[in-house]
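Next come two complexes, and both contain subunit A; in the first it sits with subunit B, in the second with subunit C.
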Partner chain A sequence: MGLFADKYPDVPYEEKSRLWEQVKADPRFPTYLYGCYECGICVAACPSARFYDFSPRKIAQAAAREDIELIFEQMNDDVWNCSQCFSCNRCPRQNSPGGIITVLREVSVKNGLKSAKQALEGYSRIIYKIMGTGTQVSPDMLQPDAFPDWGPQVRAVSADLDVWRRALPPETLHTTSTGWQVDDKTIIELYLIWHHTGVMDMIAEVDEGLHMILNDVMEEKLEEAGYEA
Partner chain B sequence: MTANAPASIIPYNAVNTKSSRTFERQAEYAPEDFHDHLFELEAEGEWIVQRVPEPYVEVMTKFGRKKKIPLELTWHHKSCGQCGHIPGYSTAIFWLNRKLNFKYIDPTDQTSCTAWNYYASATSNAPAQAGVAMRNFAAAYETGYFPLIHCGTSYGHYKEVREEMMHHAEMRHQVRDVMKKLGKPLVMPEEIVHYSEWIHAVRDRIAALQTRDFSNLAVTVHPACHYYKLVQEDAIYDPDIYGGQRTATVSALIVALGAQVRDYSTWFDCCGFGFRHILVQRDFTRSFATRRKIQVMKQEANPDVVITHDTGCVTTLDKSQFVGAAHGLDVGVPVMSDAQFAALAMGAHPYRVCQLHWHSTEYRPLLEKMGIDHEKAWAEFQEDLKDLKSGKKEYLTWEDVDA
Partner chain C sequence: MTADTTLIIGGGPAGLEAARLIGDLGQKAILVEKRDALGGIPIAEHYAALTHGFRSAEEAMNELIAAARANPTVDIRLSTEVVECSGAAGDFRVKLAKAGNGAGETLSVGSIIVATGFQHFDPGRETQMYGYYEYDDVITLADAEKMLKENKFVTPSKGTPPERVCFIQCVGSRDRQIGNEYCSKVCCGISSKQAIEVRQQVPGAKVFIFYIDMRMYGYWENEIYWPAQEKYHVQYVKGIITEIIRKGDRLLVRGEDTTMGRPMEVPMDVVVLAVGMEPSKGTKDVAKILGLQQNKYNFIEVPHGLDPTATSAPGIFVAGAAAGPKDLDDTMSMAGAAAMKAAALVAKKARAVA
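Now for the complex of A and B:
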């Protein structure tokens, strides 16, 4: 049992333990945790620790103690606050709390945890863009209603987007719905990577609707190119 | 000291890139040289190592080792955020290559590294991420040109992939099988090179072609986290810059161009990008960028411009200032990349090349300080837009830019 009160008593210990075993089984995990002497350097360097109730030291500590209940709590309540900047890699013990969090997040997504689904609400269009087109953000995402906090300049970009894109000398940048021009063959190769490495199954766990849409887009292109999706 | 600065802060004119302290590198703390393993795996037939093409420049990295930086024959691995939202960034990198007469390829057989999404949502996994990296590396290898990575996150993530592919045979074989299905070889570059390292390597050539005097400019540098914190050992360090104790990339260019680098106390802090935060939780991003970075720079160093070398950092530090200003924070510093800054030094057009109209924070006083007639430049660009709108021209070309 852990040092703190179990915040998720309804989830069986065996289930929490099963998830932790998945974290430990990731081949990267042993290189992310060597032991923690609680110096707090990672916390001092961490941007998220300044604005959230969040501590990379606690992440390393819980993992080192194998505090199954606390780790489950962190998987639900903490990991999505991390900025993934890896400022915590300054650890004198060579730990990477940010790396541990990458793995914790991945296990959360793979197992369709409710907290992962909530964290990714509003994010589906980004996943669709990157997985479907091969570029993460596109010029036509710059719309005033999407970025009201970026000021009136966003309106200026969106108003004349097509012309502003054609006013770019590099030939690959005349696109508006992708960051740059990507070959069809290249996109198909990317789809094959997603299919052969289990990424589509991960998407199905956290967003069935998105999975269906992506699958439709990919199936059509893969079939046209003579591949079986 | 700036007029409003509190008395306790570090006086900006007391600190710049010079350090009075001497710093001895201690070999026992250096991690293994990855090159040994890289070439062993090649000798065992596990993969092909793509050599850095000649001519190259050798620079020093964190633990005193040398890193080869190619001058030309580079395959430009573009960045999602640069191309999508701050396209003057990528355009300036290409413009510098053209002005220095270096051969390069701007490929269409390139995808994003997808790491922004991975660090934001975790909707991927290590073999998939390695597969994306190795597909791009193979695409570069097939052209005979060497990958030059525009994005700091791609650069850091690809180095993580290199570590994983070197040390986990099972994953390496899984990715090799995926590459076989794509009909591609498994290729790892001899070095993973960020474009700002290329700029660092050619900074004296850039300075030799400088046409604008920057000696009256005060600059603060924001180093990108994924450049020097994520797989740290092959980021560039130089004993002449910060006594070799901080990465020299970007700062050394500013020095070479004759501008003044001013220090500030949150230099090591992240910009606040946060990957998922910049897209769906920007309250955090805005607060961090303005309160921990821009406002501190303003109060301690009062710079004319912030120079950085990554997609996310330019976006975050620039776009976040609008709300900061609305709340009465002490902000209002233009932000751009080292590539745009170098291009402006060499006489580039602020709109046709550096595309500064895509940036948010007021930059025109900076252009005036650089001796650029921004009204005339804007009028010229408006004429270009008129020609594009009327159909007289389909695109603005490199020839138009050089005219």
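Now for the complex of A and C:
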């Protein structure tokens, strides 16, 4: 048991412990955490800590102490407040609180934790775009209603989006549904990466619907290219 | 004995080292020790390993004892105390007495080295509620040393290996209420060293150290503190325990985890109080007999900044923890400096006479 009252007493200790073992088993983990002075350099450097009740120090501390209940609490309540900028890497003990958070996030996604689902909910459209097309924000996503702060000219621009895009010198930017033209070879390589590195499995854990749609999109292209999905 | 001799009071590490060096210089030394054995606190209190280097304390002390004894010009008197002193630098007259036996012997010495050391703070005087004399499983660093030396670190009330052990730092140090406002300097290192030994001897035990500041100066940092945390997974928590209570057949420690900003209430099997240093009874007695100034805490005053071995009385030098909390490395260095100064005084006097 840890030092404090357990915030999630309904989740069995064995389950919390199982997740923590997965974190520790990550090959990156030993170089992300040595020992913590609790000096707060990482917090002072952390942009997220300015805006949220979030402390990379507490993440490193809980991990160094192997306080399993507290780590579980952080996996649920804290790790998604990190912007993964790694400003915290200036640690005098050479810890990487951001790196620990990377691993904590991956474990919570792989295990379909409720907090991971919630945190990623708002990103399903972006994930779909990146994983499906290899580009992030596409011109046709910039709907005037979605960005009222961009002012009235957005409406005018979005009305003739196709024309505006074709006015851009590089031909690869003459697109509206993707950020730029992505050739088929790149797309196939990307899809293979998503599959082989376990990203598709992670998506399956947090968003079943998104996983299904992505799978359909990828299946067709992969089959055309001669791969079995 | 004549004024060509240096009197050394105390047969611990500082006294033994000073005696050896004076002997090595070919001068005469007489070393008096109140106890019936040499080696000082490390031997009397059954220390396990030295904090610097983890070497067996007994082995290291035996080496010092052998070196002092092997010197033909070093005269060692056990169970002997200094009871009177008069005269001045270069020409003191001191009266020695056998413990429990009034018969005295008066001799002339040229210089004196006080190496009467410290004693562990008695946790009966602490102002928190730790219950050292109430709970069997609340022990001191010295109690822990003894168990670690025997390679048998157990929960005293049960005789079985503990699952959870914690150290509470600064017991009897840095405390205005107790009157010991100073830092005892070595307890952070010793607790960390013991925490490593506990983890080595009882690998299944979780070990915590509750502290105010960890004072792991110099190489103690990477040689003790970092391995304790990184290799032995000792958990350092900034926050001092205010109270120990009994819960079932275990202890419950209460405090605040200050960096996490949360109160804690944690069960423990063994609680080790990191007791600090106070002047030994011998230090206080000898200061009076020799007429030495003592500081606010009754350690021997060292009024000359650039000579940390010089006392308020010319010709009387101090070495080791009699002058205040000190680790063994500093004690040995100080013993060397005191021996040099005492021997120089005697040599100078001899030249003046010749």
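What we mean here is this: the second predicted complex is superposed on the first by the 218 of 229 C-alpha atoms of A that agree within 3 Å, B and C clash if a C-alpha of one lies under 4 Å from a C-alpha of the other, contacts with A are read in each partner's own complex, and residues count from 1 in each chain.
What we mean here is this: a residue touches a chain if its C-beta (ideal position, glycine included) is under 8 Å from a C-beta of that chain, and two chains touch if they have at least 3 such contacts.
None of these values were measured; they are calculated from a predicted model.
S.K.: For the combined arrangement obtained by superposing on subunit A, do subunit B and subunit C clash, or do they fit?
M.R.: Once subunit A is superposed (C-alpha atoms), there is room for both subunit B and subunit C without a clash.
S.K.: Please indicate which partner A:35 is in contact with in the superposed arrangement: first for subunit B, second for subunit C, both, or neither.
M.R.: second
S.K.: Using the superposition on chain A described above, determine whether A:66 touches subunit B (first), subunit C (second), both, or neither.
M.R.: Only subunit C is touched by A:66; subunit B is not.
S.K.: Give the label of whichever partner, subunit B or subunit C, reaches more residues of subunit A.
M.R.: Counted on subunit A, the partner with more touching residues turns out to be B.
S.K.: Of the two partner chains, subunit B (first) and subunit C (second), which one does A:228 touch, if any: first, second, both, or neither?
M.R.: In the superposition, A:228 contacts neither subunit B nor subunit C.
S.K.: Pick one for A:53: touches subunit B only (first), subunit C only (second), both, or neither.
M.R.: A:53 contacts neither subunit B nor subunit C.
S.K.: With the two complexes superposed on chain A, say which partner A:10 touches: subunit B (first), subunit C (second), both, or neither.
M.R.: Neither: A:10 stays clear of subunit B and subunit C.
S.K.: Given Cα centres, how many degrees, to the nearest 10, is the angle at subunit A formed with subunit B and subunit C?
M.R.: Spelled out: centre of subunit A as vertex, angle of 90 degrees.
S.K.: Measuring by CA atoms in the overlay, how small does the subunit B-subunit C distance get, in Å?
M.R.: Comparing every C-alpha of subunit B with every C-alpha of subunit C, the smallest gap is 15 Å.
S.K.: Touching subunit B in one complex and subunit C in the other: list those residues of subunit A.
M.R.: Dual-contact residues (subunit A): none.
S.K.: For subunit A, which residues are in contact with subunit C within the complex?
M.R.: 1, 3-4, 34-36, 38, 57-58, 61, 64-66, 93
S.K.: Using the touch rule from the top, collect the residues of subunit C that touch subunit A in their complex.
M.R.: Subunit C residues touching subunit A: 226, 229-230, 233, 235-238, 257, 259-260, 262-264, 266-267.
S.K.: Which of the residues in subunit A end up touching subunit B in this complex?
M.R.: So the residues of subunit A touching subunit B come out as 26-28, 31, 45, 47-48, 50-52, 80, 83-87, 89-90, 102, 105-106, 108-110, 116, 119-123, 126-127, 130-131, 134-139, 141-142, 147, 149-151, 153-154, 156-157, 160, 163-174, 179-183, 185-187, 189-190, 192-194, 196-199, 202-203, 206.
S.K.: Which of the residues in subunit B end up touching subunit A in this complex?
M.R.: 78-85, 87, 90-91, 94-95, 106-112, 114, 116-128, 131-132, 135, 139, 156, 163-164, 167-168, 170-171, 174, 177-178, 181-182, 184, 225-226, 229-230, 232, 268-270, 272-277, 279-280, 282, 284, 286-288, 292, 319, 322-323, 352-353, 355, 357-360, 381, 384-385, 388-389, 394-398, 400-401
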